[in-house]
Structure formats: C-alpha cells, structure tokens
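I'd like to ask some things about the structure below.
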Amino acid sequence: MNLDTLRDKLGYQPLLLGVVALLASAALAVVSSATAPAIAAAEAKDLRDSLSDVLPAGLADNDFLKDTVDIDRDGKAVTVYRARRGGELQAVLFKVAERGYSGEIQVLMAVDMDGRTLGVRVLKHTETPGLGDKVELRKDDWVLDFNGKSLGDPAPEKWAVKKDNGVFDQFAGATITPRAVVKAVKGGLAFYAARKQDITAGSGS
Amino acid sequence: MNPVSLTAQTVASPHAHGGNSVSRTMFRVQLALAPATLYGFWLYGWPAFFLWALTILSCVGFEALSLKLAGVPRIKGTLLDGSAVLTGWLLAMTLPPWAPWWVAVLGGFIAIVIGKQVFGGLGQNVFNPAMVARVALLVSFPLPLTLWVLPLPMSALATPDFVGSLRIFLGSLPVPDAVTSATLLGHAKTELSRGVDLAAALHAGPGLSWIGMRAGSFGESAAILILCGGLYLLITRVISWHAPLGVLAGVAIPAAIAHGVDPGRFLSPEAHLLSGALMLGAFFIATDYVTSPNTTTGQLIFGLGVGLLTWVIRSFGAYPEGVAFAVLLMNAMTPVIDRFCKPRILGRDRKGKPIDIPENA
Amino acid sequence: MIAAILSLTVLGAVLGIALGVANKFLKVEGNPIVDELIALMPGSNCGQCGFPGCSGAAEAIVAGTAPPTCCPPGGKALVSAIAAKLGLSVDLSALGDDGPKIATVAEELCIGCCRCAKVCPTDAILGAAKQIHSVFREACTGCEACIEKCPTEALIMKPVPVTLQHWVMPKPRLA
Amino acid sequence: MGFMNLFKHFLGDDWGVHPDDRKRPAADRPLRVMPVPEKLYLPLQQHLGGPARPVVLVGQQVKKGELIAEAQGMISAPIHAPTSGTIVAVTDITAPHPSGLTLPAIILAADGRDEWIDCQGCADPFALDPVDIGKRVAAAGVVGLGGAAFPSAVKLTGAARSKVKTLVINGGECEPYLSCDDRQMRDRAAEIVDGIRIMLHATGAAEALVGIEDNKPEAIAAMQAAAAAVPEVQIRPVPARYPMGSEKQLVQVLTGKEVAAESRTFDIGIVVHNVGTALAVRAAIRDGRPLISRVLTINGNCTNDPGNIEVLVGTLAEEVIAFAGGLKGDGIGLARRVMGGPMMGMQIPHWRVPVVKGTSGILAFDAQEVAAQEPDPCIRCGSCVKACPMGLLPLEMSARIGNAAYDEAVGIGLKDCIACGCCAYVCPSKIPLVQYFVHAKGELAAQDRNKLRNEATKKLAQQRQERLDREARERAEAAAKRKAEREAAAAAKAAAEAAARQAAETEGESA
Amino acid sequence: MSDNNYGTIVKDGLWEQNVVFAQMLALCPTMAVTTSGTNGLGMGLASTAVLVVSNILVSIIRKTVSDQVRIPVFVVLIATLVTIVDLAMNAWVHELYKVLGLFIALIVVNCAILGRAEAYAVKNGVLASAADGLAMGIGFTGALTVIGLVREFLGSGTLFAQASQMLGPAFAFLEVQIPDYGGALLMILPPGGFAVLGFMLAGKRIIDQKLAARGEAAAAPATA
C-alpha cells in the first residue's frame, strides 16, 4: 500500500476524519465516565464547605446537603438546608439576594432556631472593587457584625446603616452596598420568622 | 533661524503666516482656565493649590522624561509649547480638591506617558490624556477619588493653615469627616438606589452651583466662571461653538424629556448642566483639538455624542458622573466621525464625483 | 454514549467527503499575480535584477526572494505599482538618491564597432559600422548592458540632468 | 468685515483667510515707469504650454515690438522684443523659479533708441470679426497677467466657440502686498473698460462682471465712473478675503454658480480674465502693440521705496529693485526673495532673474514677515480644514504625503488643491502644507512620466524582439532556400549526369 | 524548520519565538487570566500539557494525514485533549479548576496550539515536536506568569496569592502581601493587561536591540 498515492484519494478523507472522530469521542467517553464521580464529589464538597463556613463548628453532625426543603418565597423556591445534631434541628441555611450598587448581591445566611443569625457570607456580588467589596470576609470582617443579631435585637428601625440611624457601619465612599446587605439579612430573618413552621416541618433523613 | 539658512533651502509658498501658534493657543486656553482656578483656590484652600501645582509639575516632568527617552532633539521647545502644562492643569481641575500628592504624580504619569507619549506625542494620541488619567485614577482608586470636600466658605470647619494643608496633601493628616460631602450627582444616585424619590432627596436646587458652592472637583465648581472662560475662547476663535453646544444640548435635551416624564427618577436639565464636569467638559475637554473631529459638523456630532453618553451614564450607569467616560468613548469614535463628516470639495458632490454641469448654461 | 460516539464519527466522515470533493473541484492552478507583475515590468529583459528576464524577476518578487526595488529601469513608478499590487509597504524615499542614469557615447573613443547596438534591449543605440554611435536618450533605460561590450570604454553612464520640467519640489522635513 | 460676514464666520460658513493686506502705502504711490535697461533677458517660456521658438539670429538687429520667438503648438505665446537693439545670445539663464534651474532665453542688448516697429492698430475694433481679434491677441503674445500666464487668445477663442454668456473680470487682487491691478484700475479705468468691451465683442458674451475686493474703494470708484455709460460692464465689489481672486471662488461669489471639478468655467458659460489682461488686449487691438511690458508691485519690509512700476519684460529683478530705491541697508535682514504674491508667489534664489509676463510683484521680505519657523507636530486643530477654500482636508493629505502614500492623497482630493496657501497660512504648527502638496504633485507627475517611459521601453523591446525574430526567420529561410537551391542544383546536376550516363549507355547500347 | 537543534528549539520557545511576546498569539487567554501570578502559572501549565501532547500526536500522525482534512483532524485532536484536561482538572485539582475553569475551555481556541501543530509538529519528528511543545509551553507559562505577577503586584498589592491552593501548602511561602497598599484596580482590569503587555513588548524590543548591537560590536572586530 502506498500511502502517498492513497492520501489524495477521495475516499481516504472521510475514512481518516471518521477514524479520528471515533477515537476522539471514545477517548472522551472513557475520561468522562472515569471523572464523573470525582467531579460530583468535588462539587458537593464545595457546597458543603461554603455552608459549613457560616455554621459554628461542631453545630451539625448530619449531612445537611441531603436534608433540604424547598420553601416558596414571593413566588420563588428557596432551598433551605437544615443542620441537625443528634437528629435535633439546630439551624437552617438559605440564600437571600438584594440589589446592590451594581447588580444583585447574593448572601448565604445561617439562622438558629430562635431566629438569631449564626453567620452571614456574601457569595456573589459585582460591587465596585475597593469600595463595596468590603462585604467580603476576605477584605473586611464587617459581615461578622451580623452574628447573633435577630429581628428584635436590634430593634427593627435600627436594622440599618449608621447613616440611616441604624447600628451597622457603612464604608467610606459606599453606603449602598452595606445598606443592601443589611436589607437582605433583615429580609432573610423575616422570611424565617414567617415560614418557621414550613421550614422546620418535615423530618430530615 | 538665521536668514541665510532660510534662503538656502527651497521652500514653497506661502511666504507669510497668520501668526497663530501652538503655544499661543495653549496660552489662551490656560488664560481661560485661570478665573475658575483662582476661585477654586479660594474655595478649597491650600491643599487645592498644592494639588494643582504638583499635577502640572508632574505632567511637565514626565513629558520631559518621555521626550528624552524618545530621543527628541528639541526637548525645550516642545516643552514650552504648553501642551503638557495644559494637560496637567485640566487633570487637576477634575480631581477632588483635597486629593493626596500621589494622585497628582500618578495622574501626571498616566496622562503624559500612557495617554500621550505612548501614542507618539502631541497630535498622535487617540484619547484625551487628562481624561485617560482621570478615568484610570477613578477606576483604580475609587476611595480617594470620590472623597469630596465642601467648599471651605460653606463648611463648619476652620480653613486649614499652610502646614495643615501640606499635611493633608501629603496624606499624614486624614481629611476631617466634617468637611466631606457627596456631590449632587452622587447624592442623587445614592438616594435613588435606596428608593428615595428625587423630589424628596434634593432640598435645594442646583442654583448655588453657578458660583461653585457645592462639593465637587476642584476646577469644576463655578459654572459661571467656566462659562466665561469658554466664551473667551469662543470670541478669540480658539474653539468653535459646535462641540460645546453639542455637549450641552446632548445632555439638556434628553434630561428635559426624561425629567418631564418622571421628575422623581430623573434630574432636571439645570441640575445636569450645572453639575459635575459638564461645563468644563463642554468648553475645555470636548474641544481638545487632537482628539475631536476636524470639521465643524463632526464636532457638533462629537459634542452631541459626549452629551448624550454623559446623560446616559449619569442616569443609568454605575458611576454618578460620566463626562470623562463619555469623552473617551467619543474619542474612539473620532476617526469614524472624521471619515463620514468630510467637507464637500468645491465642484464635487458629497461622494467626490464632479457636480453636474447645468444643461442650459 | 454510544450515540454520541457514533454521531461524531459520522459527522467526521461526512465532513471528510465534503473536503475531499471541495479539494477536487476548487483547485487553483498557477499564480495569477506573477502574470500581472510581468505586465507591469519594463519587459526589456535587461538582466540588471540578476534574474533571467522580467518574468524571472516577477516570480522572485512574488515569492519574496527579491525586493520590489530590484528593477532599476522601472524606477519609483514600478516600485510603487508592485508594492500596491502585493500590498507591501516600501520606503520610496530611500530609492534613487542619485537619480536615473543613461548611457552616453564618448565620441572621441567610439570606433563604430556596433557591438553595443547589438545588445541594447531597446534599440536605443544608433549608428552604422565604422561610424560613431549615439544613444537615443528617450529610449535608453539605463540598463548598462552595453557598457561591458564596448571595447574602448566609450560608453559611460551619466545621470540624466534635471530640467525645469522634471524638477520636483523637495519634500518638507518631517516635523 | 460686515455684520453678515461676522455672523457667517461665527457659524463656520467661511472659507479662506483674512490676511493683513499690506497693500498701502505702495498702492497709493503714483505709478512709475522704469527706463529701458542695458540688457533684457527674455525666457522662451513665459507662459503655460509649449515654449516659443526663436526666429532671430545672434547679432541680428531688432526693433521694439518685433517678433523674436514664435508660438509653438496649440497653447503657446510668441515673444517680442521689448526695445530696439541687438540679439546678443540665445542661452540658458536662471529661471524665475524656486528650483534655481536654468531655462533657455534670448538676450537682447538695448541700443537706447527704443524704436518701435510699424504697429498696425485698428480704429474700430467692434467692426472686427471675433476670430480676427483672437488672432491679433495671439500674435501680440498676450497672456493672463494675473500670475498663471495662460495664453489669453486661447481663452478668448475658446470662449467664443463654447458660447460663453458671462465675462468675469478679475480685479480681486486678493494677494497681500500686491497693488498693481489696483493702481491700474485707478489710473487707467477708461482703458480697462474699453479693453473689457473688446473682450466682450471677442467672446460674444452678453455682460461683463468686474469683481473688485472692497478694500480698494478708490479703484471701485474709478471703475464705476468709467463704466457708468457702459451698461454691459458691471462693477461688483466683493468682500476682501483671500483667495477671492481664484477663478472658481470669484465666479461663485459673482454669479452664484459652482464650477464642477475637473472642468473649466467655459462649461458653465463663463470666462475669466484679469484686469491687466484687458489692458493688454486693448493695446494689442487698438494700437497693434504686443505685450512687452507690465506693471508690477515692488514691496516688502526690506524695500526702501515700495510702489508700482511699469517694467519691460526681461528686466532683471535686481535692476527693478535698484530703480525702486534699492533694499534697506543693501539687503541686510533680507530673509526671502519672492516673485509674485506672498501667498502663491515663488521664492527665487537670487535677484538676477528676469521679470516675465506673469510677474505681478517683486517682494523682499524680512524674517518677521516670513515668520519662518521649524514646524511643530500637527495638533489636528482643523484650522486648515476651515480655511481651505476648496473644502479639502489639508492635514490628512499632508500626513499621507509624509508617508509617501501619494495615491491616497489623490483619493482625498490632492488634485483639487489650488495651492492657494490658506492652510499653511493659518497652521499654528507652521507645517509647510503647500510644500507637501506641490511635492506630491511633482512626484505624481514624475511617476506618470516614468510609466509612459516604461511603456515606451516595453514597446521598443517588443519591436526589437520582433525584429530579431524576423531576422532569424529570414536568415533561416534564406539558409533553407540556399540549401534547397543547392540541393536542387545538385539534383539537377545528378539528373543531368544520370541522363548523360543513360544517354551514354543507350548510346553505348545503340553503338 | 526541520533541523532538530534542541538549543534552537529552547531558545525559540523561551525568547525568540515566544508565543506572547514575539508571535503575539493567544492574547485572549493572556488578557483574561493574568490577573494574578497564580492564575497565569496555572493557565500556562495547563496549556503546556495540551501543547506537548498535541504536538506529539500531530507529529505521530503527520504522515498519515492528508492535506485536505489536516486542519479538521488537528482541531478534533486539540479539542479532545482540552476537554480531557478540563474534566481531569475538575475531578482532581478542583481548587485550581474553580479559578481557571472558565478559561480552560479557551485553550481550544488558543491559536498557539494549532499554530505549533501547523508550523512545527507537522514537519518534524516526535521527539523534536515534544521538545518544541515543551519549550513553547514553558515560554508561554513564563510570559503569563510574569504579566500576571506585574498586574497582581500593581493591581492588588500581592504576589502569588492563593498559590498554595494550586500548588499545595508547601508553596505558601510564595505568597506575598504588600502592607498598606490596596492596589490600582485598573491593572487587574483588561486595560491594565494591555498596558502591561505593551510595556513588556517595548521592553523586549529594547533588550533585543541591545543584544543585536552587542552582537554587531562583537562581530565587528572579527571581520575587520
């Protein structure tokens, strides 16, 4: 067989491209099936890490990723994760969002059974770097101010930044971002208070 | 040049000159800026003066350095044409009056080296160097670049003395909270974002802005003085009316329409015209020779574009002020405008074909 | 999984057919640019470029092995025409500092051997045997082919004098 | 500048420039007539078109007004002896041209008698046939005296042929410093109007519009007085603005018509002549006198006694200056020598160049007037765009020419440039824009010449190849023929021999 | 091209023909990922892996592939490799994947990879192609890391932030934080990337000119 003459034949082209495509797709199939479990595990670990980040250490001993309930909030389903210790419900975790200076700010918060915040983290935002991004724990520990606060403590009218006569600090040059986060957390607490029955109802696994 | 060498080389006509020169033009623009600048010194005290002086010094220094690195033979002559001074001056006018020293130095570097010399020096830059520096500083250092102080005559605090001013300028003394304030545009944006109606948020109209009694950049304050400077440039024919009018109309027309429809959401045209860098932008930035179109029609379109974009950015964008961004965006459009706004050649139609010869002639 | 593998394979085969067919029917023979360049060149095949004739030079220019400036008789006009055709940028000001030259006959040395006239590609040398030759100025391309042939060194290249009609205003020095 | 103009200026609807005209005091001085100099230098090319051919021999005696060189070709003009005397030489002299190159000229030594030849005047020009007028004007060597020196007869006869309706007389004289037209309109208004009437007759136009810039009130008054009784000649003051005297601009201001690019005023029924040309036409028809002298302005800060002088064509500029009182301090501080106006005139290398028919001025500038300076970079201010009377983009064109992209420059209008100099005049960076354009036009012309030459070369090479092929073919044919002949001869010989042999054999047999 | 001088290959890859600084290829990933030194390093290493393997594969099949389907075959090869790298990183170096995940897919359209396949691997042997891929990849990695470090330093005031996440805790010593400097934000935005790249290109030119001048100076006495 002479490769040089064969290469220019019309039939050679589909054969070659077909074989290459076959080999490539087979290789992909193999790798994909080999990596699928590892990828799923890694992604689950991500979620768990971010959730446990807002929970005080040792509070939960269950796999709260599996113990979830979807609650309707203003027409949208909010997934609430439930943390238990010894089967006893200790805290719930859910995401809230509020419009900030530029775009939505996503906040993950953990609330204990008494409606007290256990932890707040900003998951995602597009605020002005250098000004509004102090809501990230990486940049500033401002979000830790929320720990232990509940709807009645401070009083509802004090759930605001200092500029609006509240108790929370604002940042120099940026009031809108902290204002939005405060509003989001307050809203989350109100949501919890209103739907406590639904949230705690239903047994976990 | 001595006469002998002049006769030695072959030159074409004309053998006369109107007498206009780059340095004369630059000098006139500086003269037009002087009243607003001096008033700015009075409003904001020594720190503003330090800022102004250092920004200009930094621009001239970086210009000299760049020319030396580029191996330009006539450094002194090129420095004396006044363009670097003017760039520094304009940049200083748009900075917060009590900005620290490093803002001035870094601004000079960005304006001259990155905004101008990298493109090949005077006449070659695509973007207005002062605006490049302004935007780069604002994006990079949002905190010091949005720290506005109230004009001293208005604030409760005593005017800082020379040494105190120097310490503020060098950054060793923090700017007291009592003198900081939001600009009108910034205030409006903040209030809108928390859902407060503009009618409730703005107690006083923008009237005081005519004489600069508001927080804002050092040189943008007194709209009336800027306007006078602009009129002086118009009368001495350093600039033509097209670009300034375009900018003012480009802001005022959409502002008037939107304000008429929803006064609670949109600022009035008067507030737009008198706030921020609009007056300065209209008369001193949008008329920059190098980065604006060559033809008067093109300048009108350019101005309208700057105005419209400014209004859009102020009303819908993330930043409260948009003149600098609008100018840069339109700078990028300048070659396109120039391409489509060529003057009609005498004896030709717009497409360059010779006009028809009338049959009855 | 199997479906994905199969569909990708079939897609490859189909595309392969398409490419094979396209290759068969859309083939371009030769290089049309060379012919265009040959049309531009003086066509006197004087050989000053170092190639066998103008067509050789045209091929070399297209191939990039010769600069577009390799043809002295063509002058600046030819260079700019070639540069425009090939989309090259050529610094014209660096060319032809000393201007074009043409051959002239030193009459006291000419012996009328006719050797020069025979090699002239444009028949620019006039003169019968045993009579003093002369160069027809307008026809001389300055290719220097005749210079070597002259046994008495009577042919000399002299620059074409600048006249009022041919004078060009110098370019201003760059600012 | 009137209020309307100011307003238009502010609106940006404006072309050209408003240079300081510097015409006075030279314009107010009385006209002087310069005596005949010792030698006159008459270049054979003083006009656009083909050079004249000498018809005199060295040593020949000529009288004033005698034809010494005849026109060659369609567009050309003859040259006449400006005074009586002897032809000394026909040789190369320095041309009135910025290059400082030479051109052939006839040198005439004056004999001092200044003796006219017999002039064939005509008492009633209006009885003449227009074609005849054209011939007489052509024979008198009249060319446009505004500066371009286009042979006037060509325009007159061309106008008559293309049914021109309007004759525009250019009294704009928009160039600063120059006042020769102004002076002549003041002093010779009646003659000018007479010349205009002759030109009207020659062209068949119905009316003549005389455009005079409003900075010459005396000239306007004089011309209006002279033309008061002639309804077909209208004096029209036009705003003083450079280049008002440019043909297309003046036509547009006076008639409102726009001349199409790449065509001439003929095409819209208009022909344009200079006021000085009207005088020359009148002299050629009424007195039969050829164009041998002209009025020019001598001016500039370096001159002692600026004014207008009537000078014989062929007089050296040096001698004109000497007659006009010389230069201040013998030329100390002289920065530039210019022939023509400051906006479009030519720099000349020295004063030993002759006055030609088109020379409207001799200007001696000091450094402050020239304001020459090393150019700064272009700041794209657009002043040149506003100033350009043709609506071009000088800054874009010069940038392209700077990069030797001549074709691109042509694409954006280089060919429409009239080299008026407005752009360079207003440029704050003092960029020699006009020089870029003149250079580019020269380069393009050189490229065109080269292209023609290459084509000719190719044709020659082809012819030679054909000749060589033909010769080779002929040689081959001749060789083949010779071979064939040889073979034929051999065959014949062989045949003959064979026949002989056969004959011998048969003979032998028979024997 | 076909000489297998490994010295030249290394020199070309690292400097003379550097993907970013000389060939100006792959600017999209360059601008996108070089907001920190760590990102640049990670992207560079991932690209290097793809580049080496793709060069080897292309070189192996270079005699089998016909001109007509050459480019589709290479594209399929590269796309497959990148997808495998993407999946593998997601599964086994998940932390780095979180940072670079968006950009890994960009390697498919990284013209440097197809470029090397077309310009080198298809004409050269397997070993030389592997060496070329490695050299080019290291040059690319170096360029990305340097640009990333400069932008990170000026823009965030750190060096090799999060390097330990990618390379393991042993590399935590690389992480530097400049005290009291918030950074010029512009530098980690796209304009800063272009500015840094521009200055670096200018710098490379200056160095090259200096080297050339020195080379000439050294050669001059020898020829004189």
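Per-chain numbering from 1; labels A, B, C, D and E assigned in written order.
By definition in this document, a residue touches a chain if its C-beta (ideal position, glycine included) is under 8 Å from a C-beta of that chain, and two chains touch if they have at least 3 such contacts.
As the structure is a computational prediction, the values presented were derived from the model and not from experiment.
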Any chain that touches chain D and chain A | B, C
Identify the chain pair with more contacting C-beta pairs: A-B or A-E.
-> A-E
Of all chains, the one whose CA centroid lies most distant from that of chain A is D
Whose Cα centre is nearest the centre of all Cα atoms in view?
-> B
Average the CA atoms of each chain to get its centre, and name the chain whose centre is farthest from that of chain B.
-> C
Between chain B and chain E, what's the gap in Å when you average each chain's C-alpha atoms?
-> 41
Roughly how many whole angstrom separate the Cα centroids of chain B and chain C?
-> 54
Any idea how many Å lie between the Cα centroids of chain C and chain E?
-> 43
Cα-centroid distance, chain C relative to chain D, in whole angstrom | 37
Where chain D touches two or more other chains simultaneously, the residues are 98-99, 374, 376-378, 429, 432, 435, 438-439
Multi-chain touching residues of chain A, meaning two or more other chains, are 12-13, 16-17, 20-21, 24-25, 129-130
Among the residues of chain E, pick out those that touch two or more other chains and give their numbers.
-> 67-69, 72, 76, 182-183, 185
Throw together a list of every chain pair that touches.
-> A-B, A-C, A-E, B-C, B-D, B-E, C-D, C-E
Residues of chain B that touch chain D when the two form their complex | 1, 3, 6-7, 10-22, 24-25, 74, 77-78, 81, 83, 121-124, 240-242, 289-290, 293-296, 299, 342-348, 352, 354-358, 361
Along chain D, where are the residues that touch chain C in the complex?
-> 95, 97-99, 101-103, 374-378, 401-402, 404, 406-407, 429, 431-432, 435-436, 438-439, 442-443, 445-451, 453-454, 456-458, 460-464, 467
How about chain C: which of its residues touch chain A in the complex?
-> 1, 4-5, 8-17, 19-21, 23-24
Contact residues on chain A for chain C in the complex?
-> 10-22, 24-26, 29, 33
In the complex of these two chains, what residues of chain D are touching chain B?
-> 10, 12, 17, 19, 98-100, 165, 176, 248-249, 252, 257-263, 267-269, 333-338, 340, 342-347, 349, 363, 365-367, 369-374, 376-383, 385-386, 388-393, 395-396, 412-413, 416, 419, 421, 424-430, 432, 434-435, 438-439
